[in-house]
Amino acid sequence: MSDVFFRAEGVCSGYGRGDIVSDVNVAVESGSIMTIIGPNGAGKSTFIKTLAGVVQRRTGKILIDGHDVGGLPPSEVSRHAIAYVPQEHNVFRSLSVVENFEMGAWIEPRKFKSRMESVLELFPALRTLRAVKAGNLSGGQRQMVAFGMALMVEPKLLLLDEPSAGLSPAMVEQMFEAIRQVRERGIAILMVEQNAMQALQISNFGTVMTAGRVAMTGPASELLNNREVAELYLGTRA
Amino acid sequence: MTAQMIVNGLISAALIAPPAVAFSMLFGILRFPNFAIGGYITVGVFAAYAINVQFGLPLWLASLGAMLAGSVVVWASDQIIFRPMRASAPVTLLVVSIALTFVLEHSVRLIFGADVKGFDLPLERPLVFGGVHVTRPQLYLIGAAVLVVIITHLLLTRTRLGKAMRAMADNPQLAEVRGIRSVLVRIAVTLYCGALLGISGVSAGLDLVIEPLLGWGLTIPIIAAAILGGIGSVYGAMLGAVLVGLAEEFTTLVLPSSYKIGVGFVMITILLLLRPHGLLGQPEIKK
Amino acid sequence: MLAYFVAMATYAGFFMILAQGLNLQWGMTGMVNFGVAGFYAIGAYSGALLSTRVGITPELAIALAGAIAGVAGLGVSLLTVRLREDYFAIVTLGFGEIVRLFALNEDWLTEGPKGLRIPVRPFDFGLGNTAYSLVYLGVVALVVLVIYAICERIRTGPYGRTLRAIREDDVVAGVLGKYVLRFRVQIFVLGSVFMGIAGALFAHYIQNISPDTFMPMIAIFIWMSVIVGGYGNNKGLLLGAGIVMLILEGSRFLGDFTSIVTSQQLSSIRIILIGVILMAVLRFKPRGLIPEPKFVSEFEKAS
């Protein structure tokens, strides 16, 4: 892969005694989407958290544009053009939508106004909700805010933890469409998804994780056509 | 229920509103009820006393000194004690803060002695407005409280730092993820709250007497006000202060005034049993 | 000299009883009682009033005082048992203060700040003063040992294991549901009974009590004993109570030999010392000096 912008090499991490993530290698190119699928408890979420610095990596390298950001706290990781959107608790509920975006742009406050405009173009429904406290929004609207916050720093790598979780089918469509549009802007996207079929359909590449390790990886189309993958992961939706 | 009682209640409210705001803000980042606010207030008032009475400088200068002393002691205790222990259970931190408040107040007692003192102020007759007596220091007290409320409101809603403080209180992990350096925001909060507690000490010294256990006596009404308003909610703290101040005044109709401190405790108990998240606050978001 | 040590040991005994009561409540069920002084005071005043005003024989009065403190404990715990532990601490602190304020204000009952005199002597077998103080110490020691035995029985029995599970794990506690609340109330009441007995013994020993004996500071001293000794641990807290006693009395000793500091300054120094030690212990050794051996499951041992 010539254009690899982000690479995780041999990453191990965990919370307590054992490792939840063992020796995982993943690479993502700019302007492409890599989706990680797998059963519950496979360590997908923990892996993404490790890349973001939320969970401490134990071994391995986390290379963005050649630079190892492993071992940095989340606030420093985000200064390397990496933006992470957690699955839950991903907005500031007591702040308004605009204030949430302002916090999203914390690292680059001067670009706040212009970037908020571009995010609102991506999610026009939020335009009328600007002054509403995020805690009073519906689940789908909150996901939009969470996603929008991450875009405020124009990251080069976007880490998404189950962006479609808890959303209605229409909202899931909208979210995946937004993710596609973000890819068109040249951003590298690494996402974890339970909604395997729909996610792989918009992805360039896919990785299957089981029990903390990489079981399979390759172009998304290959995974979609793979019988084992289809049986195990594509039949079920979140 | 006379007008004088209402005014007295409002003066009490003006006394406890700024520290209640500080307590709420601190709770947002410390995540436990910090009983050391009593000790911090005592440090503030005695710093002011030292500047005003022992060095003979004017009260406004002493007030600045109190704010500085407050900032330093809150920041230092966070650096040395609370931040390193941030993974401990809230109750452990509570016990530590109670120990700290005693250490601070008794250190002050050791240095300044236990006698009751007062600021170096000219004696004046109280002003009278339609049958209600108010002293000039009490007016300043109310003014200071209003100023604190306005400044805090502007800080939290109009400045980037203030919004970051609210964001951190709301969801510290997300704040880090979005690039907010929690260490720096934490320092800012401790310095600001320390200044508030310092100036609260001066107010307390003006309205009550200056003695080393001054802070302890105020701790309960302050916490009651903050809990009443919803711990973590700054505007709730202000509202809570008014209610506690009025409640304390009205209880003197029924009980001897030395039971006043009991009022705060009873209010806290009732609140916690009925509405654990207070009037304006949000229920604690469990991790 | 002997008289001094006997007195010191007797005071230590009161502390140990209080610490054991607190240890039951906190160490075994995680209920953070900051109102120790309140139950101590209730025991002291009830015992005193029963034997002086009502004329009950003092030994019986002491036992009844324990029961009365237990009833108070029942009231407090029923009201507050569901609260989060730091709020529980604040409320119990309030209770202690309200008791003190009541004692201060209702002087028709308690003689208020003047102090209540108790000219009655329990366990008085007509012996001289020295012998009497030894007898008193003996009685206190006996009570300490009996309570120790009771607490050990509870701790090692199935009841105690359940209690520890509740303390360590809210999920376990959740599964047990309403039984948790019942356990907590029962333990709280028992602990309050012990504290009340300590109070009554104290009142009859010192023979003059006033509200400022029962300041919230007491809670800090007793907490020190429990925490320094290692919570949940009965052996440890006797050590802890001993250490606290040593600090308190040791500094008094120092005061007798130096004239540089006044007694007022000395009391502040004492409190500062205890406060700093408590903070240091919690900061660096939160499990105490003699921690409870961690419960290691078979599963963990195998892996």
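The chains carry the letters A, B and C, assigned in the order they are written, with residues numbered from 1 in each.
Keep this in mind: a contact is a pair of C-beta atoms (placed from the backbone, for glycine too) under 8 Å apart; a residue touches a chain by one contact, two chains touch by 3 or more.
Not measured: the values here are computed from a predicted model.
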item: Chain pair with the most C-beta contacts; value: B-C
item: Most central chain, judged by mean C-alpha position against the global CA mean; value: B
item: Whole-Å gap between the CA centroids of subunit B and subunit C; value: 31
item: CA centroid of subunit A to CA centroid of subunit B, Å; value: 42
item: Inter-centroid spacing, subunit C versus subunit A (mean Cα positions, whole Å); value: 55
item: Contacting residues of subunit A [partner subunit B, same complex]; value: 52, 54, 73-75, 78-79, 84, 86, 89-95, 99, 102-104, 106-107, 109, 135, 149, 153
item: Residue ranges of subunit B in contact with subunit A within the complex; value: 160, 163-164, 166-167, 169-171, 173-182, 282, 285
item: Touching residues on subunit C, where the partner in the complex is subunit B; value: 32, 34, 79-80, 83-87, 89-91, 93-95, 97-98, 101, 104-105, 217, 220, 223, 227, 264-265, 268-269, 271-272, 274-276, 278-279, 282-283, 286
item: Sites on subunit B touched by subunit C in the complex; value: 32-33, 81, 84-85, 88-92, 94-96, 98-100, 102-103, 106-107, 109-110, 113-114, 220, 223, 256, 258-259, 261-262, 264-266, 268-269, 272-273, 276
